[in-house]
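One chain, subunit A, appears in both complexes that follow, with subunit B as partner in the first and subunit C in the second.
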Partner chain A sequence: MTGRDGRIVVVGASLAGLRAAETLRDEGFTGSLTVVGEERHEPYDRPPLSKQVLLGRVPPDHVALPARRPVDADWRLGVRATGLDLEKRLVRLSDGADLPFDRLLVATGVRARPWPDEAQAALDGVVGVRTLEDARGLLERLEAGPRRVLVIGAGFTGSEMASVCRERGLDVVVAERGGAPLIGALGGVLAEVAADIQRAHGVDLRCGVTVTALEGDGRGRLARARLSDGAALEVDVAVVALGAVRNTEWLAGSGLAAGPRGVACDAGCHAFDLNGVVTDDVFVAGDVARFPHPVYEYQLLALEHWGNAVAQAEVAAHNMVSPGVRKRPHLSLPAFWSSQFGVNIKSLGVPSFADEVAVVQGSVEERRFVAVYGYQGRVTAAVAFDQAMWLDFYGRLIEAAAPFPPGFDTVGRPGKPEVLPADVPDPAVLSHGPTVAVTGHLPDERRVTLLRPPG
Partner chain B sequence: MRLMVDLNRCQGYGQCVFLAPEVFSLHGEEALLYDAAPDEGQIERVRRAAAACPVQAILVEEGPRAGLDTEADRDRA
Partner chain C sequence: MTTETLLRRITDYGNRADPYPLYEELRATPVARQEDGTRLVGTYREILHLLHDPRISSDLRNRRHRERAAPDDEDDQGLPPAFLKLDPPAHDRMRRLFMRHFGPPHSPRRVSALGEELPGIITGLVDGLAGRNRIDVVDDFAYPFPVTVICRLLGVPREDEPRFHVWADAVVASIDPGPEENPGERRRAGQQAKAEMGLYMSGLMADRRGSPRDDMLSGLVNDDIADSGVEPVELVTNSVLLFVAGHETTVNLIANGMLTLLRNPEVLADLRAAPAAMPQAVEELLRFEPPVHMLTQRTPLTDVEIAGVVIPEGVPLSLVLASGNRDPQRFTDPDRFDPWRPDNQHLGFGGGVHGCFGAPLARLEAQLALTELIRRLDSPRLAADPPEYRRNPVLRGPRRLLVDFDGMRP
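== the complex of A and B ==
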């Protein structure tokens, strides 16, 4: 068996699985390729669901992902992987079949964290927003004109749902345990801006509270929600937006380093076994992966980002068919976007990897600005509100470990920016480590170099 | 036809919105919304939009596949 033949199994048929399958064929893999997907649909794009689809501008079935090239693969859709036997090199499937492989890609992603009380979650009107089915069900409910919608959780999905409701003219309450919307991703300074935007658009935003119970009307329909501050709200729909759970249960007992935080792998997407030893033939990509990023002191990142799923799948697929010297590291900077309340929010780097933040361009009052995040004197992230054009510039500063605060004056904001504490809640204990710069432009050239030895 | 915009790459130039207004629209100043499975009659406009995108963020797959045609859906039915 050479790198270009044999049997490859990809478990996961969403964005990462599809792009990996395409890349394998692009790179000359001619062996047998099987793609397993739990959802019975062709690979589809999730970000539009909480935006144009639920706004009613685009039908829910208009979200299939376009192919970059034809993929000659056996698509096993509507089938779940239930186990992995590394000794026999088999993936066990929910339909009873065993799939033999020479190399395996784990791309099983995440699912929505369900409402913790099963009986309450089963009430008619309690919905999630992750899958195509979720979106179809929620669209129907929003179009029926509910009197009031409760959104539980003010992360990106919850905030986008609140935006959709207000644009549809619906009353919406957002309940968030943290101090402000998006605070986990953006820190306290920008989270306050997000809170102002929500309130200005008529969202009944309640932070520092939890939803303690969802109650039915006695006939199985959701009627009200109780909050930890004693409030009782009459609601017709409750959107559960409590984040995600990684789909790793099927790997329990397999010997891989898989758990609630994902499947650990190296920067070349090779999975670690339980002992932290890198495996040769099992690879990981997308939301389910935890990988070390040199720019963030080699901490293991787990990213639920569209762009990471694509970039990591491409690196994993390349490395699956390449000999050692030709393997590539996955060094892309984390990046994401969200559109809510008519504002385009884009992020590069890891804003929670910061001790300080400064608005360096534009105006917070006008809600058009760029904020730069710093950690121990170097730039680690940038977030733009309606200033997308500038982000690439800051991406280069992040990759070069440029000094923070930036020493230059910027257009429209002369003088030194005000540097504020980043106010990242529950900060990870950040270890001291080497600072590196990412170099090279072509995928094959991208490497890191040590800037300043530690100590 | 199927299409997709890499919104990490998109910088909100809006060229696609001028060239194929029934497929692409701006929501606010620069957030792009689009129909990933537009009517086939839009193909020429979509081609022009993809070609004109200053950051080349639009991927178009031409051909009969459009919405989720879900062979597995049919298998199950």
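== the complex of A and C ==
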């Protein structure tokens, strides 16, 4: 078996799985390729599900991912992988079949974290947003004109849901445990801006509270929600947006380093086994992966970002068919966008990896600005509200470990920016690892150089 | 020869027909300092980075050495600069206001509605050429077509176009960076022309206040700008910008397009057989023979290091788009015209916040015009190659493009 032939199995037929399959064929893989996916659908795109689809602008059956090229593969859709036997090199399937492989890609992503109480979760009107079915159901409910919608959790998905409701003219309450929306992703300073935007758009935003119970009307329909501050709200729909759970249960007992936080792998996408030794033939990509990023002191990052799923799938596929010297690291900076309340938010780098933040371009009052995040005197992230066109520049600063705060004038914003504490929820994750720079532009040249040893 | 004289040699009219060897020389030096202090940048990646760099200003008032600066004309007359020459946030405010009347989300139908009128305009012009065996693609077609379109877009009466023609020529001549001839004279003539255009444009706008028609000027004067911080006089200078930017460039794209297709008869035959490929061919034209060869208005606000070289604060900086478009580090076989080139992210429309405002319209105009020209002209061939070029090295294109043909197809 050489790199270009043999049997490859991809588990997970969504964004990462599809892009990996395409890249494998692009890179000249001529062997047999099988893609296993639990969902019955052809691979589809999730970002529109919480945006255009719920606004009625894109019909739910128009979200298939565009194919970049034809892929000669055996697509096993509607079939779940139930186990992995590394010794026999078999993937066990829910239809009873065993699928032999020479190389395996794990791309099983995440699912919506369910409402913890099963009986309450089963009430008619309690919904999540992850799959096409979820979006279809939710669209129907929103079109029926509910009197009031409750969104539980104000992360990106929850905030986008609130935006959709307001755009549809629906009353919406958002309940968030933290001090402000998006606080986990963007830190306190920008989260306050997000809170202002929500309130200005008529969202009934309640922060620092949790939803303690969802109650039915006695006939199985959702009627009421109780909050930790004692409030009781009459609601017809509750959208559960409490984040995600990694789809790793099928790997339990396989010997891979798989758990609730994802499947750990190296920067070349090779999965770690339980002992922390890299495997040769098992690869990971997309939302299910946890990988070390040199720019972030080699900490293992688990990202739920569309762009990461694509980039990582491409690197994994490349490495699956390339000999050692030709392998590539997955070094792209984390990037994420969201559209809500008419604002296009884009983030580059890891904003929670920060101790300080400064607005360097535009103005917060106009809600058009770029904020740069710094950690121990170097730039680690940048977030733009309606100013995404500038972010590539800040990406280069991040990759060069450029000094923070930036000391230069920018168009329309002369003078030194005001530096504020980043106010990220869990600074405990920060450590004192080495500082590196990412260099090179073409995929084959991108490498890391050490700038400052830990100290 | 030294790279210090590159700008002089690029501007030298003798090199107008083929500046590309000079660009190759330029790319050997990431930042080429010129005798007058101007820095030229000609490699793709560096240009792209500088276009998106917030430390780079488009506002000439940030140049340290005023005497070296390109003409800062509006300033002299107390007229505000058009948004092409402003930095954010003033630039963004004005561009957004104009975009409200040009593209999505507020005016999603503007370009497509205009697009429906384009075939009629084109057919009219081409029909008018019947019975001849030689045409000048520039004067007979490439010029009148986009002018008609931009008049229609803004709401400028077509009969007044000859006046605009003279004004626009004067404005374009005034931005010629060449040292030859009398720059002071050209500058004054350009300012004079802009002032006259402005007066004329204000007149058109006044007619539309309160009695809107289906055109952009009507939309602009009747928009509520009360709390946008925009002065009515800015609507005038920017409408003039749109008028000038909206056709000088498109003329070159169409003329360069015909020239390139006639130099590549196999491609012409392919496109005639498969007109659906014309959009890609136009993108390749924007790479291969871009109508705007360089952006001469940039100034760093602070010392900026690029490719290991520092461009000092306040010096004139020119981004040579046409050179970046031929950078072999970015495009394989860059000197080949190949409409089927994959991943053709050319620099023809610039990029970043100042990236071409009119690109969707310009693309549509060029696609329809070239498709129809090659469909109708029977056995077209160049009567002179290279053709006679205009003086301007920035907005570079043929002054005349004589084409012989056997007849006009229906």
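Here is the rule we use: the second predicted complex is superposed on the first by the 453 of 455 C-alpha atoms of A that agree within 3 Å, B and C clash if a C-alpha of one lies under 4 Å from a C-alpha of the other, contacts with A are read in each partner's own complex, and residues count from 1 in each chain.
By definition in this document, contacts are C-beta pairs under 8 Å (C-beta built on N, C-alpha and C of every residue); 3 or more make two chains touch, one makes a residue touch a chain.
Just so it is clear, the structure is predicted and the values come from calculations on it, not from any experiment.
With the two structures aligned on subunit A, subunit B fits next to subunit C without clashing.
By the touch criterion stated above, A:Asp95 is placed in contact with neither subunit B nor subunit C.
Contacts of A:Glu143 after superposition on the shared chain: neither subunit B nor subunit C is touched.
Within the superposed three-chain model, A:Glu418 lies out of touch with both subunit B and subunit C [touch as defined at top].
Contact with subunit C, but none with subunit B, is seen for A:Arg396 once the two complexes are overlaid on the shared chain. In the overlay built on the shared chain, the residue A:Arg368 is in contact with subunit B and with subunit C.
When the shared chain is aligned, no partner comes close enough to touch A:Asp74: not subunit B, not subunit C.
Judged by the touch definition given at the top, the superposed model places A:Asp117 against neither subunit B nor subunit C. Superposition on the shared chain A places subunit B and subunit C such that, viewed from the Cα centre of subunit A, they span 40 degrees in steps of 10. In the superposed pair of complexes, A:Glu234 makes contact with neither subunit B nor subunit C. When the two complexes are overlaid, the chain among subunit B and subunit C that reaches more residues of subunit A is B. Per the superposed model, the minimal spacing between any CA atom of subunit B and any CA atom of subunit C is 5 Å. Across the two superposed structures, the residue set of subunit A contacted by subunit B and also by subunit C is 368, 389.
Across the complex, subunit A meets subunit C through its residues 360-363, 366, 368, 370, 389-390, 392-393, 396, 408-412, 414, 441. Here subunit B touches subunit A in the complex through residues 2-4, 6-8, 10-12, 25, 27-38, 59-61, 65-73, 75-76, going by the rule given at the top. On the side of subunit A, the complex with subunit B involves touching residues 40-42, 44-45, 47-48, 51-52, 55, 57-59, 61-68, 75, 77-78, 132, 306-307, 310, 335-337, 339, 341-344, 346, 368, 386, 388-389, 391.
Touching subunit A in their complex are the following residues of subunit C: 45, 49, 52-59, 87-90, 92, 301-302, 352-353.
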